[in-house]
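Next come the structures, one after another.
The two complexes that follow have chain A in common; it is paired with chain B in the first and with chain C in the second.
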Partner chain A sequence: MNRVGFALKWFLFVWMVVVIWAAFMWIPSAEGFKGESSRIVFFHVPTAWVATLAFLVSCIASGMYLWRREPKYDFGAAVSAGLGLLYAVLATVTGAIFAKIMWGAYWNWDPRQTSITILLLIYAAYFALRSAVADPEKRATLSAVYSILAFVTVPFLMFIVPRIYFSLHPDVMTNADPDNSLDSAHLIVLLASLAGFTGLSVWLYSVGTRIEKIRHRRRQEVL
Partner chain B sequence: MSRWLAEALAVAAKDLRAEFRTRVALNSLALFALTTLAAVSYTIGPYRLAAEDRPFLLSVLLWIVIFFAALAGLDRSFVKEEESHTAPLLRLAAAPTVVWAGKLLYNLVLIFVLMAMLAPLFCVLMGFEIAMPWRFVVVLAVGGYGLAVITTIVAAIIAQAMTRGALFSVLSLPLLLPLLIIVIEGTRAVAMGDLASFSESLRAMITMAGAMTIVSAFLFPIVWRD
Partner chain C sequence: MSDLTGIMAVTMIIWIGLFAYVYRLDRKVSRLED
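On to the complex of A and B.
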């Protein structure tokens, strides 16, 4: 495992370098965007994707904790929620930069911006709850319940709220507009970037859960 | 099933009886709502807003008053059981889903009492004209139900934690925000007589309240079991 893990880590490193090079140097700037702003899609979409994935993992790990009651699932849920929060912030920042270049303002309460703000609030509240309960088992149970509740609201933020209001955000999920579709070179780099970011978050997740396990063991040694 | 319902009603009735002895929750709900309404009505009143802005701004204000008043009073439902140490007895006396349903009914009654008092008063004081009054009642009922479902499960969670008062708002508001946005849109739609938009937001409201009902019915026994 260790040698494979080491090789994978270096592979990931090379992969991300290639993705960054391709995103900035290889791909020509897309038409219909101001300046070089289209390149941000190779980072904005993967961070948003990884954030969604991390929240999904957090929800599944919370469910597993409630079912099996093993501490490792609680670590998984907490680490994953932390990663999701980090990537959601990155997606917000890259999105705001793109909005500034394309539409002239960093922040305009576009439905997507509103929904990501609520998402950030929800997971910030998750950590507020974690810090408010001292007993580890009770903390794990209560935060698992809250995490599942939070995940139920996510589809409403992502799909329903932007539908009710007019949004400038390009519609990625239901791509009905043929002008919005990507050409094949862009698609390849985007998919490579998605894979790279997913790999990166898997690696971060495994490091995070290992740290939590060590902390847990240390606490038990002290007791 | 009928036995389950009877037990749930008994839990709700017990809470309502205890509530009417002290009226702590009802007083804080009502006073919060009336104070905010007085402030809003004094500053804005029926003439201050431009006609085209009215449906938007008044529906936002109405729901802000309702939601924040709810946050001021609805955390009591479980916290009072923990504070008076009656929770263990309730655990012995009734099944977890019965307790959940009872508390939900109790919160629902409180919210509907609040709304029955506040909504007409708001419409009169602010000159809020509703094009489709019966559909407005539907929006209030479904929105109030969603509010009750979410605050019930969050109240159950925070009753187990420390620093309860602050945590209730912190945990409730993010979960309530999508619902708040949708009910505001629905209220604007009924005020303007916009049937398509009303139907869309009503469907979103029902989906959200339904999903939350099912999820909290499943999760509540885990929180309650301790």
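On to the complex of A and C.
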């Protein structure tokens, strides 16, 4: 582990400790929300953001694999899709907790909840596909094509569908109404949380791809 | 201790645990790479 990497990891640790403290202790509870439910935004929005980013990286890595045919891009696509799936589950869980506090039920089949469920199923199928094909090259090619097709649905399911239909989901980030937008203190903590979650994802991606490379190298040695 | 402090403490423990796990995994992967 080099010095810069070492410093960045400990910087991330301290950064997230401060973000967690600020999210619960520094920021006052937002008006218009029941109890302390508004604080979940500091964890829900970053997980949804990082899930979208991870699906994008998986799509790009898949395209790179189809172009270059190098296994490292296949590892990148698989690790990134896994991270995306994990963060999408976390976004769904945090969203369900918010729904329970605000609307009295964990699940309401709101357009946002329905669309993220479809997205989770699409990316779960990606891993079903990967586990169903034994030949590494065929698996990599098929899953790369699938990953690109799967990403086509992401903008529709994450951004377009929830805005076409009536949704209970708060839309403070993209709302043009100044009376219904985040104040500066909330925005600072939210952006700091987004940066922290993105940094954590980059680290997890790095560790995941390195593990896949070691597995690949060991398989090559056995053959 | 208020509910909010309790939730913050749980969140903090989850973060510290996750960081420690990934940090150890990172070091182990680095050793295997050498």
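Note that the second predicted complex is superposed on the first by the 215 of 223 C-alpha atoms of A that agree within 3 Å, B and C clash if a C-alpha of one lies under 4 Å from a C-alpha of the other, contacts with A are read in each partner's own complex, and residues count from 1 in each chain.
The rule is short, and it goes like this: a residue touches a chain if its C-beta (ideal position, glycine included) is under 8 Å from a C-beta of that chain, and two chains touch if they have at least 3 such contacts.
Keep in mind the model is a prediction, meaning the values are calculated, not measured.
By the touch criterion defined above, A:Ala105 lies against neither chain B nor chain C after alignment on the C-alpha atoms of chain A. Residue contacts after overlaying the shared chain place A:Lys9 against chain C, while chain B stays out of touching range. Touched residues of chain A were counted for both chain B and chain C, and B has more of them. In the superposed model, A:Thr114 lies in contact with chain B only, and not with chain C. Look at A:Leu191: by the touch rule set out above, it reaches neither chain B nor chain C. In the superposed model, A:Glu36 lies in contact with chain C only, and not with chain B. Of the two partner chains, chain B is the only one that A:Leu149 touches; chain C does not reach it.
In the superposition on chain A, no chain A position is in contact with chain B in one complex as well as with chain C in the other. Listed in rising order, the residues of chain A touching chain B in the complex are 66, 114-115, 118, 121-122, 124-125, 128-129, 132-134, 138, 141-142, 144-146, 148-150, 152-153, 156-157, 160-161, 164-165. Those residues of chain A that touch chain C in the shared complex are 1, 9, 12-13, 16-17, 20-21, 23-25, 36, 43, 200, 203-204, 206-207, 210-211, 214.
Chain C makes touch with chain A in their complex at residues 3-5, 7-8, 11-12, 15, 19, 22-23, 25-27, 29-30, 32-33. Against chain A, the residues of chain B that register as touching in their complex are 153-154, 157, 160-163, 167, 170-171, 173-175, 177-178, 181-182, 185, 197, 200-201, 204, 207-208, 211-212, 215-216, 219, 222-223.
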